[in-house]
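Read through the structures below before going on.
First subunit A sits with subunit B, and in the next complex the same chain sits with subunit C.
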Partner chain A sequence: MTFIDERPEVARMVRLNFTISFGALLVGGLFGMIQALHRTDVFRGFVNSQDYYTVLTGHGVLLALFFTTFFLSGLFTWGVSRSLDEPLPNATATKGWFTLMFSGATIAALTVLGGFVPSMPFKADVLFTFYAPLQAHPLFYVGLAMFLVGSWLSGLDWFRMYRSWNKKNPDKRVPLQTFMALTTMLMWYISTMGVAVEVLFFLLPWSLGIIDTVDPLLTRTLFWFFGHPVVYFWLMPAYFVWYTILPKLSGGRLFSDPLARVVFLLFLILSTPVGYHHQYLDPGIPSGFKFVAMTNTMFLLLPSLLTAFTVVASMEHGARQRGGKGYLGWLRALPWDNPAFSGSALAGLMFAAGGFSGMINAGMNINYLVHNSTWVPGHFHLTVGTATALTFMSISYWLWPQVTGKRLQHRRLAMVQPYVWFVGMTLMSNALHRGGLAGIPRRTAEPQYNNVNFETMVGSVGELRLQIGIGAILLFTSLFMFLLVMTGTWLVDRRGSIAVDGHIPAPLSGPNDSPTILDNFRVWVVLAIVLVIIAYGIPLSSMVIDGPLSPGSPPIVPV
Partner chain B sequence: MTESEQSGISRRTIIRVLVGGGIGIPIAVESATLLGMLDEQFGGGGEGDATTLSLANDGGDDLLSETPQVERFVEATQRDRKFVAKVDFRNAGDAPATFALGPVVTGGGIRVDGVRETETVEPGDRTRLTAEWELPRGSEPATVEAKTTVDGESTTRTLQFEL
Partner chain C sequence: MKIHRFEKAWLAVSLLLIVGFIATVTYGAVGEGIEMIGDEGEEVDPTKLNEHPKFGDPGVEKTGPNEYAVYVVASQFQFTPGSFGNPIRVPTDANVTFYVTTKDVIHGFDVAGTNLNTMAIPGQVAEVTVRFDEPGEYGILCNEYCGSGHHGMEGKLVAVPKSQYEGGDGE
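Now for the complex of A and B:
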């Protein structure tokens, strides 16, 4: 029996969330290609350099916030309901948070798109990093606030399902998928406090004219309080897939459930007190606290390295179950023709490269070499742009049939799609990293500057630009192939079996091999809050004590 | 051979191509980057002799003779990837002016961006513009743009080098 037959109301919510997510992916991805071609001077016929910033903002907001969060909401709704075998606690409440998120996202997106129409009164060319002094129309902040509250309420749904299950199973360990969803949301609740305060108490009143100025340093700090953990909000659903589904797709079982729990708890406690590593060049923050942020960031490598070990060990186990032999020969036994597997595995491989470039970003001194250069988008296109996006796309090949009840269509297209993404991202990200080493700045529409000669270590700037352009075209082609498969599957009539086995086997080392304190969320939340206070308490206090609105900046409204 | 077997062979071939290309291309790109960086760091770049380049179209004493300013080509040299061009600029006009060189186009048609410009030169003053570009490995400059600007109005000429 497929998931849609077991839980039709849950499957419907998953479909709705995924559909919005895929819509955001299409528009945001198109913007990404336009942006890359314009910025590199490969083709500048889509937009002018003023509208470039509308495209840039749309690309960031649609993909980094809406594509990721709607997919996460669908994935966790499926995972929590499946692993607990629980229905939605209250269908009206579920529709409520979905409607709130969708309405907020629509309002914010329309405000951004208003930048293309000169006669529109609302605009928001403030980039994904929407802190002061760039100011958007109030509707942008209202939309974001609604979206954020909706995401909080979605987590409440999953906690209510867990509570219902826990009453019936007081002595059982929390199922791993639910454990991962709940720790992700606990991290989200803590980290989004920063952006909630920033939007509600500063940016929204400022955009409405209620207050004349805001303190840019304070609002930037509040943004980055949320701005780095949001990276883990994107990544933790990918980890959820790598830990709980990828081993099964490899033909085996998860190597260690306890290690997976430790990894998610480390993300819960370490994701937030690291935001200052985005502000190494900001004045007004003592270096000592930047050093604390750097140390915490380096500690965050630990869960990623644990994941690399556990997931690869699980894949090896699966390959050996399929007859694989030898030190490396087992790799040939993996199902590289299954796009759900190949995409997730390639995404994990590329995430390793993203981890290494992330270490450069995190180091206080070496960060100065690459700060605000194209190295940074090169890095996050490996993390959110591949580890997250490619994992989401590939696992949809496995999940979409289960929530639609329809057999996957255009299978050959699906089989090729992850590889096209992988090659496209290699070309684009490699060139962005090399451009960053040459000092080429990010966040600008213009590719050239008077009296500046970017000295590349390998190749020329022209070659880098061409490489970025080709990569962007391949990425959009891959994205389009994915959406064709999803749309084709959705539109086909439901008949016969879906040819997907939704069963997830038990781990080799189960939850009972770990101490029960791992499931005590209160302990870890308290620890996370203590670390946040240590990292942020004194610097934030000093920013507020000298006046929360001073030194103040009037708005800079992009025209 | 049955249809399914044919389909199976075809599928296997596709997978071989996908895995080979999909993983091979990234490995090739990253290996080339790594080797290039190692060569740049430890390969003894910059040790070669400098080559002096001549203008193919006669520069004469004044590169932009239609302007009242005097732009005199001094020399152009290339040492490995570094290309240097020098021009003396004398403002013989009656308004402040600037002179600029760039971008450069290589013999292979690759455009190397970067415009090098003098500070504003007052009437009667003179300066020398020394402009440098990092060219793609193995390439040589074919042309460079020369531009004099007065009151926002520019006069431009493409200087060609003998290849």
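Now for the complex of A and C:
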């Protein structure tokens, strides 16, 4: 039986969340292409250089916050309900958090788009990071706050489903998909405290004129308290797919359930006390605490390295089940023509490359060279821009039929789509990395400066720009192909079999091979909070003790 | 807990890699003396920089034998000194400490292609000491979005051979 027939009300929520996510993907992706063409001087006819920053804000907010979070909500709603075999705890509550998230996202997005219309009083040309004292319209902060609270409540749904299941199955291990969703949300609750305090106690009252000044270093620090864990909030649903679905698509089953649990717990513990690695070059933060954040960051490599092992081992197991032979020959036996598989696997491959450039970012001293250069967007377009985005798109080829009950349409288009993304991102990301080494800054509308002559070690800056431009066009093409497949599938009538098998086989090494303490969330939350206090306690309190609003900055609204 | 022997080997190699990374960063900090920007700098009132003894009239000054201080104020959309035909002039082969702050929003102070790169945050003073081994002209960029004119915020730094160096900016 298909998921939509088993749980129609859950399938409906998944569809709603995915639809909003895909809408954000379309607009945010279009903005990405406009931006890439503009700043490389390949084509500058869409916007002028002032409006470039409105486009950049829209690209960041729509993709990094809305595309990712709505997809996560849909995916986890499906995964928790499926793995526990539980209905939604309360349909009204579910509609409530969805409506709150959707209204918040709409309000925030409209204030961003207001930047294009000179007569619009609502503007938010403050980028995805909204650093004070640049100030957006109060509605931008209101929208963000509503969105955030909605995402908290979505997690509450999954905890309630877990509690109801736990009453019926007191002695069973938490199913892996639910375990992953819950640990992700626990991490989210801890880390979003930073941005919640920033927005509700400082930026919102400041934008309403209730307080005159804010301390830019304090609000920026609160942002990064949330700003690094948020990247794991993007990534953990991709890991969820790689661990629980990809092995099956490869033709086998997950290699190790216990290790998957350890990996998610490591993310819960280590994601937050690392935020200072985004502030290595900030004055006002003791360098000793930057060192602590650096070591935590390096240890945060561990769960990703473990994932690389488990995912590849599971794929190899699947390939051998399909008749694959040899040391590397098994790779040929994988279903490369199934886009749900190929996209997730290529996303994993690109994530490995992104992991290595991330290790360089994390190296405190070398960060002087790459900080705020195009190296950084080069890095995160491999992580959130591919590991997350491509995994989300490709797993939709498998999941969308199950929640719509319709057979996937335009299969040829779907089959090539992940490869187009892979080629486009290879061009764009490598050029951005190399441009960063040549000293080209990120977040700027102009390709050239009067006083600086960017020089590359090999090739030329012109060649890099062309690669970025072509890459961006390919990426948008790929994204558009994906949306055509989704829309086409949605529009056909339900008829016959969906040709997708939603069954997920048990892992080779099951949960009973691991100690039950892994499932004791309380222990890990306490440990996570202790680490946060060690990393943040002293520097944050020293910023607050001298007056939470001082040294104070009055608002500056970008024009 | 059951862990496959290949997994154990991978785990060991991963931990070795991580410890190795931490060791190289530590060596860079301790062995090579690459210090991170920290909290040495004072706090200032960004709205009253004009009254500040140094940032009120920013520029280069000699602070000791072969030691110089450079005070820079970033603002929308310029560096003072640095922008608009007023380059920062410093000698080569001397210890030059930069003190960078901003009177409005967050900016970046990035001497392109070098590792002289810091954030300028309202209320904080970034303090960083460097040596220029080679004479030459360097471009300065703002590398943090600071408003609609951000892409025009740039400046110039000239490293003058020590023997020919006379004084601060504009001399």
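Note that in this section the second predicted complex is superposed on the first by the 559 of 559 C-alpha atoms of A that agree within 3 Å, B and C clash if a C-alpha of one lies under 4 Å from a C-alpha of the other, contacts with A are read in each partner's own complex, and residues count from 1 in each chain.
Throughout what follows, a residue touches a chain if its C-beta (ideal position, glycine included) is under 8 Å from a C-beta of that chain, and two chains touch if they have at least 3 such contacts.
These numbers come from a predicted model, not from an experiment.
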* Asked: Clash or fit: what happens to subunit B and subunit C when subunit A is overlaid?
  -> fit
* To do: Return first, second, both or neither, reflecting whether A:415 touches subunit B, subunit C, both chains, or no partner chain.
  => first
* **subunit B versus subunit C, judged by how many residues of subunit A each one touches** => C
* Which holds for A:554: it touches subunit B only (first), subunit C only (second), both, or neither? -> second
* With the two structures laid over each other on chain A, which partner does A:426 touch: subunit B (first), subunit C (second), both, or neither? -> first
* Mind working out whether A:434 is in touch with subunit B, subunit C, both or neither, as first, second, both or neither? => first
* Partner chain(s) touched by A:257 [first = subunit B, second = subunit C, both, neither] -> neither
* Who does A:301 touch here: subunit B (first), subunit C (second), both, or neither? -> second
* Asked: Which holds for A:455: it touches subunit B only (first), subunit C only (second), both, or neither?
  -> both
* To do: Applying the touch criterion given at the start, work out whether A:309 contacts subunit B, subunit C, both or neither, answering first, second, both or neither.
  => second
* Structure fact -> After fitting on chain A, the minimum C-alpha spacing between subunit B and subunit C in angstrom comes out at 5
* Would you tell me the residues on subunit A in contact with subunit B in one complex that are also in contact with subunit C in the other? => 449-455
* Hey, which residues of subunit A end up touching subunit C in the complex? -> 49-50, 53, 56, 125, 127, 131, 133-134, 215-217, 220, 255-256, 258-259, 279-288, 290-291, 294-295, 298-299, 301-302, 305-306, 309-310, 313, 359, 362-366, 368-369, 371-373, 438-439, 441-446, 449-455, 509, 513-515, 546, 550-554, 556, 558-559
* Asked: Which positions of subunit B touch subunit A when the two form their complex?
  -> 11, 14-15, 18-19, 21-23, 25-26, 29-30, 32-33, 36-37, 40-41, 100, 103, 110-117, 132-137
* Structure fact -> Seen from subunit C, its contact residues with subunit A in the complex are 1-4, 6-7, 10-11, 14-15, 17-18, 21-22, 24-25, 28-29, 32, 34-39, 41, 43-47, 76, 100, 104-106, 108, 110, 112-113, 115-127, 137, 139-152, 154-156
* **Residue numbers on subunit A that touch subunit B, as the complex places them** => 336-337, 342, 346, 412, 415-416, 418-420, 422-423, 426-427, 430, 434, 447-463
